[in-house]
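Letters A, B and C mark the chains in the order given here, with residues in each chain numbered from 1 onward.
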């Protein structure tokens, strides 16, 4: 097992300490350089693509409003979608939580005597832990998105919403494929590696008994599912296998086909800078003799919908733009979040699922706000991070020294006299204390940075002396 | 209780809990509903571009998506395909309009996977991104455009809409079981963000504008 | 026009020259400026740490200090944003970051100041995306930049474009300590950009970001200095330019 896998397995239940994981990532300066540069390049492509759309900011507002409307009537749209999809010949299932979702998928597979399953990228199934669940029950599950397949073979979770294996270097992939697919030991040309996976997966597509896919959008009025890929893997899976199981969170609905245009204009441009992904597939009816199952999953979404401070996160269309623009994500890697999705959106989703485990994530941000500015559906991500911090502290997930430190600070600044005294003491200490005391191991600031040079007089003292007589 | 009856009972219980899940989810959602927010009107961008302008934009977008675009006479699609793929052993199409081998839904997938070139009629194109809408009826089978090694789409140059608003407007009256926007050949950048054409699907996409 | 000078705690204690420059600049531009001596801290550190209740007393104290002023102007985008956004109750629109006040309220068109230097402008995030002092690079709207606009009025300032015009420096308050490794790396990357452009002085609206960058500069002995933008706009940067 490699490092990432060990990391992932070791503390699936423990608290995620983002800072520690990030420190491990950033310790490899070369890898950090590369990771930052390659994701910044994607943001650059996103900026350029968005810049070529007239009225981009208006389009974002439109998408946000459509989502807000849909959420405000979600129960009606869900019922309408179910009716339309059922009329189209699909079987609609409802899952209250991850466990129910996994059981439904298992039952559908068992009922058909399925053994081999191909699966295209789905953040929902990651959220539900579907792969390990099915594998433990004897099913063979093969992820078919190239990046997903790479992380599956490495036995680790995806590190990025759109580019799951962005943390892996091609030399590592070469070694992995040499071991698993028998490519030449030193062959690290991405074209050759991708070609080897194409051959391997084609056979698996043709032999699959069932295909599992995610869903990008579900159209309430027509019961149609919309799937977006660049590789074509979702289509190959769904069209070749006798049964197609599409798993979706209940927030994926949009009212009508004409609303799709708004989101499709935003999605790929925000994700990769492409004006549209290669394949945007519109599934209405299963072909004769085939089965289409749609699993509608709540898993905490209705609870979030009831939270005015946090419900906007349900607008997310999983484009990954907030990851690419995030200066912290670029320098700490997706695995530092210990959550899927990772990055800023993960940091506002995960605490709602499990605060105990993810209490550090809202603090893994400088609150620079770029995430909210790139978000194609205008989720107030950085404001939610700020609000999740308050929840974390309220529920006791902020360490006591910090909580008490803040209380003391609040007590000091309530009184100008206490504040001035504390300021004088701090300045005297910074000026006169021996360096080894000032830069003791307690001082995280001073590990790589000098403390400020302190002046003789505070501004207040200067003002009293120079202007006080006026 | 014998085994079969027990299983039936279990099945019924399972059915009940699932209906229970449906009702519980809808009820939870209904209770959580935020204050009603209006549905905004989606008005497409007013685009006054002429046909020639749309064709030029479409060509640039499709080429940027790694597609090859050629202008051909309506009657010379077959010749253009044969000229573009001189070494192809098998060329198929789902429409009798052209004299290629006939692809149909009953074709074995493994045979389709060996197909060199599939030629499909595109319903309409989108200028802003170079995508072509492909309806199921033009594919032969749903898997065919993804399994063929190379894909050729023939598109009437007067059937190009300016943007995705106009394109998705057309989906309102779409009556088939499946369709897809196709913008370029299948591709991936999952290895170090290096673009590789021909991920799982076709290794090339050619759009013939008639 | 009665203007209250808001000197955030860390500026008061560690960087008084930024507050002096702010005061002098506002006075030269004709404002009637007073500094309420009892002011302390705006409460942002507590609220950003998740301990908003610990900041409530500070909020009340700030409000009491600045009662009766037409405007409250401070040389810190971050603290001003906190007072505008995170205080319970009606947001108080009297609070202004210095540059925003100069451009939007005073509508300054010229400044009598000189500073001959290659200057890199660090766009602090809270001013940039919170107060909208400039167009953030990810937004698709016509570019504008209040701070650059003002700097360009100063004789001799050679404003140098950066590879990444508005990337975060990694300060982020407690973030600088809790996420020390990433924070330091972000700061180092920001400095590398300025060094590539042969910047001599890094300036900005927020001394907190500059404090973080200065800490790195001094530890690494880099050929860079930091100055609050008020000092350059006031012409007092020149005096310290040696």
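The criterion applied here is as follows: a contact is a pair of C-beta atoms (placed from the backbone, for glycine too) under 8 Å apart; a residue touches a chain by one contact, two chains touch by 3 or more.
Computed from a predicted structure; not experimentally measured.
Chemist: Which label fits the chain touch graph of this model best, line, ring, star, complete or other?
Modeler: Drawn as a graph, the chains make an open path, so a line.
Chemist: By mean C-alpha coordinates, which chain is most distant from chain B?
Modeler: Relative to chain B, the chain with the farthest C-alpha centre is C.
Chemist: From the C-alpha centre of chain A to that of chain C, how far is it in Å?
Modeler: 32
Chemist: Once you find the CA centre of chain A and the CA centre of chain B, what distance in Å lies between them?
Modeler: A distance of 27 Å separates the two centres.
Chemist: On a C-alpha centroid basis, what's the spacing between chain B and chain C, in Å?
Modeler: So the centre of chain B lies 51 Å away from the centre of chain C.
Chemist: Of all the residues in chain A, which ones touch at least 2 other chains?
Modeler: In chain A, the residues touching two or more other chains are 53.
Chemist: If I count partner chains per residue in chain B, which residues reach a count of at least 2?
Modeler: none
Chemist: Would you mind writing out the residues of chain C in touch with chain A in their complex?
Modeler: On the chain C side, the touching residues are 7, 9, 11-17, 19-20, 23, 35, 37-41, 43, 45-52, 54-58, 61, 86, 125-126, 128-130, 136-141, 164, 167-168, 170-172, 174-187, 189, 211-212, 214-216, 218-219.
Chemist: Can you name the residues of chain A that touch chain B in the complex?
Modeler: Residues 38, 41-42, 53-55, 62, 65-66, 68-69, 71-75, 78-79, 88, 93-96, 100, 104, 107, 144-147, 150, 163-166, 169-170, 173, 190-191, 193-195, 198, 201-202, 205-206, 222, 224, 230-233, 235-236, 239-240, 250, 255-262, 264-265, 272, 274-287, 296, 298, 302-303, 305-306, 308, 311.
Chemist: Using the touch rule from the top, collect the residues of chain A that touch chain C in their complex.
Modeler: Touch list, chain A to chain C: 18-19, 22-23, 26-27, 32, 36, 40, 43, 46-47, 50-51, 53, 56-57, 325, 327-328, 331-332, 362-370, 372-374, 382, 386, 389-394, 398, 402-403, 406-407, 409-416, 419, 423, 426-427, 444-445, 447-452, 454-455, 457-464, 467.
Chemist: Where on chain B does chain A make contact in their complex?
Modeler: 14, 18, 21-22, 24-40, 42, 44-45, 61, 64-65, 105, 109-110, 113, 126, 128-131, 141-143, 146-147, 163-169, 171-172, 174, 176-194, 196, 198-202
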